[in-house]
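In the two complexes that follow, chain A is the common piece, with chain B as its partner first and chain C second.
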Partner chain A sequence: MKEVFGRIFIHRREENWWMNLLVPITSIIIALIVGAIFIASTGRDPILAYKLMFGASGFVPGPYFKTHFAEMLLYTALFASTGLAFALPARAGLFSIGAEGQFLVGMITAAFFGFWKPLYNLPSFIHITIIFAIVILFGGLWGLIAGFLKAKKGINETIITIMLNWIAFHLIEGWLVPTGGPLAADVSTGVSGTPYVSPSARLPVILPGTRLNISILVMLLVIYLAWFLLYRTVFGYEIRAMGYTAITNMEAPKIGGVNTEKRIMQIMFMGGAIAALGGSFVVLGFLGQYPPVFEGGYGFDGIAVALIGGNEPVGILLSSMLIGGLRTGATAVQLARIPKTFPAIIEGLIVAFIALNELIRYLLSKVLLRKKEGVA
Partner chain B sequence: MNWTFLINQSIAQILDFAAPILFAALGGVISENAGVVNIALEGIMRFAAFFGVWGAFVSKSPWVGLLWGIGIGALLGAFHAYITVKWAGDQIVSGVAINVVAAGGIRYFLEWIFKTTGYSPNVTYFGDPARLINLKFLENIPVLGAFAHLHIFIWLSLILVFVLHFLLYHTVLGLRIRAVGEYPLAAETLGVNVLRIKWFAVILGSIIAALGGVALSLGTMSSFVETGMAAGKGFIGLAAMIFGKWTPIGAMWATFLFASAQVLQFLLQAIAKGVATKIPVGFYLALPYILTIGALIGVVGKAVAPAADGVPYKKEG
Partner chain C sequence: MEALRVENIVKRFPNVLANDNVSLSIEKGEIFAIVGENGAGKSTLMKIVYGLYLPDSGNIYVFGKKANLKDSRDAINLKIGMVHQEFMLIPRFTVTENVVLGDEPKKFGFVFDYNKAVKEVKELSEKYSLTVDPTEKVENLPVGIQQRVEILKILRRGAEILIFDEPTAVLTPEETEELFKTLRKLKEAGKTIVFISHKLSEVMEIADRIAVMRRGKVQGIVKKEETNERELAKMMVGRDVVLEIERVKTEPGNVVFEVKDLAVKNPRGIIGLKDVSFKVREGEIVAIAGVEGNGQSELVNAILGFYKPIKGVISIAGKEMKFITPYEIRSKGLAYITEDRKRRGLILQYRARENIILGKHTLYPFSKNGIMNDAAIDEYATRKLQEFDVRPPEPYMKAVNFSGGNQQKIILARELSMDHKFLLASQPTRGLDVGAMEFVYKWLIEEKKKGIGILLISLELSEVMGLADRILVLYKGEIVGETTPENTTEEELGEMMLGLKRKVLQ
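And then the complex of A and B:
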């Protein structure tokens, strides 16, 4: 147990390993307290707000628990995808903020191959497998653009991913999807956005009576693979070595025989593929099409998710569940006359206190370790 | 067609479009030269855009709005510095925190203070013809005519480029800032107070980025628009800063390149005839970003950040 937690929350074993678990939990609690003070100072009832938010978050049993639980896991799969898309390159010392665009690429790819006639009547299992494979390929290639330019030309990956986000957004929502665009539904059908995908492309529901589909299982597999890749393969070892020496331009691993150029391209491909997979969940899972306007943001939330999870696959699973739960409870807080973007404030505060981990670690060790010494 | 007018108009548009991005880029330049990455530029701009309008709304004076914007910028800068300098926290994490809080928090404020979603009411602003800096004698001169009727933020952004260039490369303080960003230990050994320099640079950088936010809501527009502020302009500023190799003048050229591409895109759409009208609008909108990538591939070599950029500095002992 100690070993497992140690591996999740820190890269080397320490004497007070439990501190690495306690620090994020304390951060979350403090963030909730600060959030409550904020609500109270704007003249609303914080206790009611939290009651509503957590009541509808899918964490605590109550009315409609099954529905909320299902929604929470659906969000978890989405946030985990963009979280990993940030975290994997980050482990190699790359700062990619391209998950937003990669997510959209995954959405439009899934929509197209969902309604494309030649595949339309395939058996569901084969159809979905084919779509996932193509989505992984296209999303990966979109991510690879930045990886290629970084590896071969030394161009900063941050700029390229920012630009690629906007290019993906404008090409999709300014060309492919609007009425008259190459992927838009025919006007006579009365559908705006792309046509709806074939029933065979819809992700099967695994919890009857809810929208919960196989996306969460797929994502659990991806998270396991990411963990395996990072900690059980030479590839992962080299990636982490590059991350540790990112500041010194990855010289050390290069001298040690790591083909850094190849690794950069591979990890950027993977990041793009995983984010795109998340995008395909949205289309195949609940929307059924690429809508005329998509309110995104999953890519940027993914950065927060990855950071709360410490860029660790298992940590990202936990943090995406947390953020997923907050989002599920978001609409309920409106009953307390609080805008539904309130959970985003909590999310930001958690990230802020995660950043302050040195302070929290200091305070905790002061309180807890002194007590321990006193007892001894 | 009146070419003088068209050219002047286009340049004026480029400058107007560039100003907020330029502020963000310059804020980043100052902060990162002292070794503190600030990806919160986007969030700071959003906060400042809102607080600027709030201040102007309460007081009916855009100057008060400007002060509120600067105030919130300083506050957020202090927050970022407290985390990253005082507690040597992760700079990316802290920046993301500000961005996330800005995304959700400002909407909360909008609904709480103005009881609206999406827009704030209109307030008095610097783009008002009466408040523009009018240099009528320039009006009919090609190129220079572009500067005849600009709002205060455009001038401020241009002046700031040279002020910051002078500060960084021709003053002792600038040398210290750069030393702290390149090799803090050496700077400390020579008696420079590394932490204080970092505090200063982070707060100054945030204030400058905040000016970009106020330029959006009280310069170009006269209200806060939920979806338009900062709508990625802070991140474009971040990109311009890297593109410009962490120098004020480089950041300026990068920003102008991007802004020109943006205005070119508008122009092309407006004058499109025949086959060109068949080109989907998405291509035009994507053009500035594609051109930026093209410029990066073609012209600019490898960008090298200050050596200790992003590395938390812990004082020994």
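And then the complex of A and C:
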């Protein structure tokens, strides 16, 4: 047993593995400092702003902690879904920014099968399971379109996914959902957007007194599966090999017998499926319908989440908690006379400094590694 | 008058002595050619002269003055210009924009004066009869004209010494003729020209004096009138064999690999391989000799399925392969040793243990039902790294951190442990030191004893002569010679490689 642990925790880890943790943490700290300078330059109190923001973020105990904590985890599940939807293709060397559209496809699919009459009176567990399965299928197929075109025709996946985002958006909000649209609620009911989903399709709340539902548990399972897939399976081995060699046209894995076309399609399917699952959380978890206008953006936040999390499943869990916490604390900063969009600035700064990770890594290693050598 | 003199230049790269005490003197107004095999050190020498590499020791004198070249800017200031094999042009820019880039004529001190630039380029091109339309975009020009733009570029910087690094490698015969006309004109204008090549016929046509390099040393400097291609080839190839390779007699068995009427176009749209046919039998090493760029890469890529043949058939173990993908051909029993270890052989960011199972990773015991078995991989990797003497035998080290020779050993360990009937060895010793070379030879002979059919693609004549049972010579995409080591000499092979002679074994 000791030997097994030794192999996993000592042998397998990278040289200077702790740098992989230290670099993002340093980036976040620098971002917070720069954010403080921004606030101070407008004549407001940065300490108060951060106190309010983190006080309401769900990370530190305080008034309404339970509610904040629940909200933070709800956001976490959403950001983790779109973060993974970006990160998994990224591990295979693909730059897919289609999470936005896949998320919307998940939402509309969940809404439809939530109110669809044949399923309406099913027991909750079965109803939700069926919806999740269909959402995964539809979202996956939406992602597969780009994967198929990339694998078979060599068309740039980034451009296709951008296009598909707009197609999804306009199909849904321009045709399906507006009054008179095929999926819109009957005008006589007074509801705009799609009809509300059946109570049996609502995600069960796991923390009484809050909105926190099973979405976070589902997402934790997905994150675990993503990690397992990447690091414990043949599939992940091949995917990572493709990602490392994407710049050289994946020649080495191809020669090693990897069917890169198939793998590209599979990973794009998975990315789409996970983003769509996040979309279904929104509908089944709190909105209860596809609203006439949905303020999206989760897909693009997912790219930031994946960047901060280093495209690692565990990193994405942590970074989506961070971004989720910032969003939860957003309203509270208004008490310091700061607009609630301020946390978005922090998010942007973190991404900017994460993007500088090579520089930060270089500076850190210069300071820290030399010291270590000096001691030894 | 002496234009350029290099004295006792030494340049050492890891494992290779690229320039070993090289001294040359080049007169003003002559065309001076430097010939040698790939890796003989001629490009390294010229890169030192152009300031791209710093020599370990030695001096350079330009027009009699000692030059201290730290980068190419210094070289340009000393009126040295270089036309690289790969052009340094911006395709979307016009000829004029490319020529003046970095030193643009300006209006009011900061506005780019395009019209004046066009005029300048036009005057320059008329002066040296380098006909080119100054307002045409470079991307619309054929390669030969693009080269003229390169020449104009260095002439505009006032170059007096012009270095051409294998300028004809990318040109058609007609374009080569045009280039030679240009070179003669430049010579008439008093420019000094250094011409690097391994094509002897061209050197004999254009050069005044010729220096032959081999393994980093200058073998001799001769006047064109006093030599011939045959003598140059002899000097270039040399006769001493570095490595004694043990000869093993085996009885060739069934045909394991066959290529019939294969024609392949490369991505540049040029037909790189014309109707090539040959067979490889069990326990036989068939070597493809030839100067690089005569169809070897097209052949390898077609076999692997990266290029689609225009016509012809590839069959492995009697089975015809149509619309091959790398995956299919590998599953039919092909092992592949590549010269391009970093790109094709290894996944550099993967550890040795992960690299060593690539291609077998789907099989038991390395994985079961799609889940990797780490214990089995560790055990296997440790064993194989020892068996193939990889140093350090550390399965958790990333491939990128191994030396070139050890990287090749990892590839050998992987490929030769596969279930295979046919081995494609494409320049397996390229860039390796002598020790690692011997190791590769030893394993190739082991394979031969086991009855594996081997196709060896090599630029090294000593390797071809030492290992092969049959030798095929590729020249301009065709097989111009078929012989055996007993029936030929390195000199004869050299001549065939350079297209001077054809020979087909009856």
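Definition applied: the second predicted complex is superposed on the first by the 350 of 376 C-alpha atoms of A that agree within 3 Å, B and C clash if a C-alpha of one lies under 4 Å from a C-alpha of the other, contacts with A are read in each partner's own complex, and residues count from 1 in each chain.
We take it that a residue touches a chain if its C-beta (ideal position, glycine included) is under 8 Å from a C-beta of that chain, and two chains touch if they have at least 3 such contacts.
A quick note: this is a predicted structure, and the numbers were derived from the prediction, not measured.
Enquirer: Fit or clash for chain B plus chain C once both are placed on chain A?
Expert: clash
Enquirer: Under the stated touch criterion, which partner chain does A:Pro63 make contact with: chain B (first), chain C (second), both, or neither?
Expert: neither
Enquirer: Of the partners chain B and chain C, which touch A:Pro208 in the superposed model: first, second, both, neither?
Expert: The answer is neither, since A:Pro208 touches no partner chain.
Enquirer: So, does A:Ala241 touch the first partner chain B, the second partner chain C, both, or neither?
Expert: second
Enquirer: Name the contact category of A:Pro118: first (chain B only), second (chain C only), both, or neither.
Expert: Once the two structures are laid over each other on A, A:Pro118 reaches no partner at all.
Enquirer: Check whether A:Lys254 is in contact with chain B, with chain C, with both or with neither, and answer first, second, both or neither.
Expert: After superposing on A, A:Lys254 lies in contact with chain C but is clear of chain B.
Enquirer: Compare chain B and chain C by how many residues of chain A each one touches, and report the one with more.
Expert: The larger set of chain A residues in touch belongs to B.
Enquirer: Under the stated touch criterion, which partner chain does A:Arg232 make contact with: chain B (first), chain C (second), both, or neither?
Expert: second
Enquirer: Is A:Trp175 touching anything from chain B or chain C once the two structures are fitted on A? First, second, both or neither.
Expert: It touches chain B, and chain C stays clear.
Enquirer: Between 37-45, 163-171, 253-261 or 271-279, which run of chain B pushes into chain C after the superposition?
Expert: Only 163-171 shows clashing C-alpha atoms.
Enquirer: In the complex formed with chain A, which residues of chain B make contact?
Expert: 79, 83-84, 87-90, 92-94, 96-105, 107-108, 111-112, 232, 235-236, 238-239, 242-243, 280-286, 289-290, 292-293, 296-297, 300-303, 310-311
Enquirer: Under the definition above, what is the set of chain C residues touching chain A in their complex?
Expert: Counting only chain C, the residues touching chain A are 304, 306, 325-327, 330-331, 336, 338, 343-350, 354, 358-359, 361-362, 367, 370-372, 374, 378, 396.
Enquirer: Flag every residue of chain A that touches chain C in the complex, lowest number first.
Expert: By the definition above, chain A touches chain C via 7, 11-12, 232-235, 237-238, 240-241, 244-245, 248, 251-259.
Enquirer: Please output the residues of chain A touching chain B within their complex, sorted ascending.
Expert: Spelled out, the residues of chain A in touch with chain B are 42, 95, 97, 149, 153-156, 158-160, 162-167, 170-176, 178, 181, 247, 297, 300-301, 303-304, 307, 338-339, 341-345, 347-349, 351-352, 354-359.
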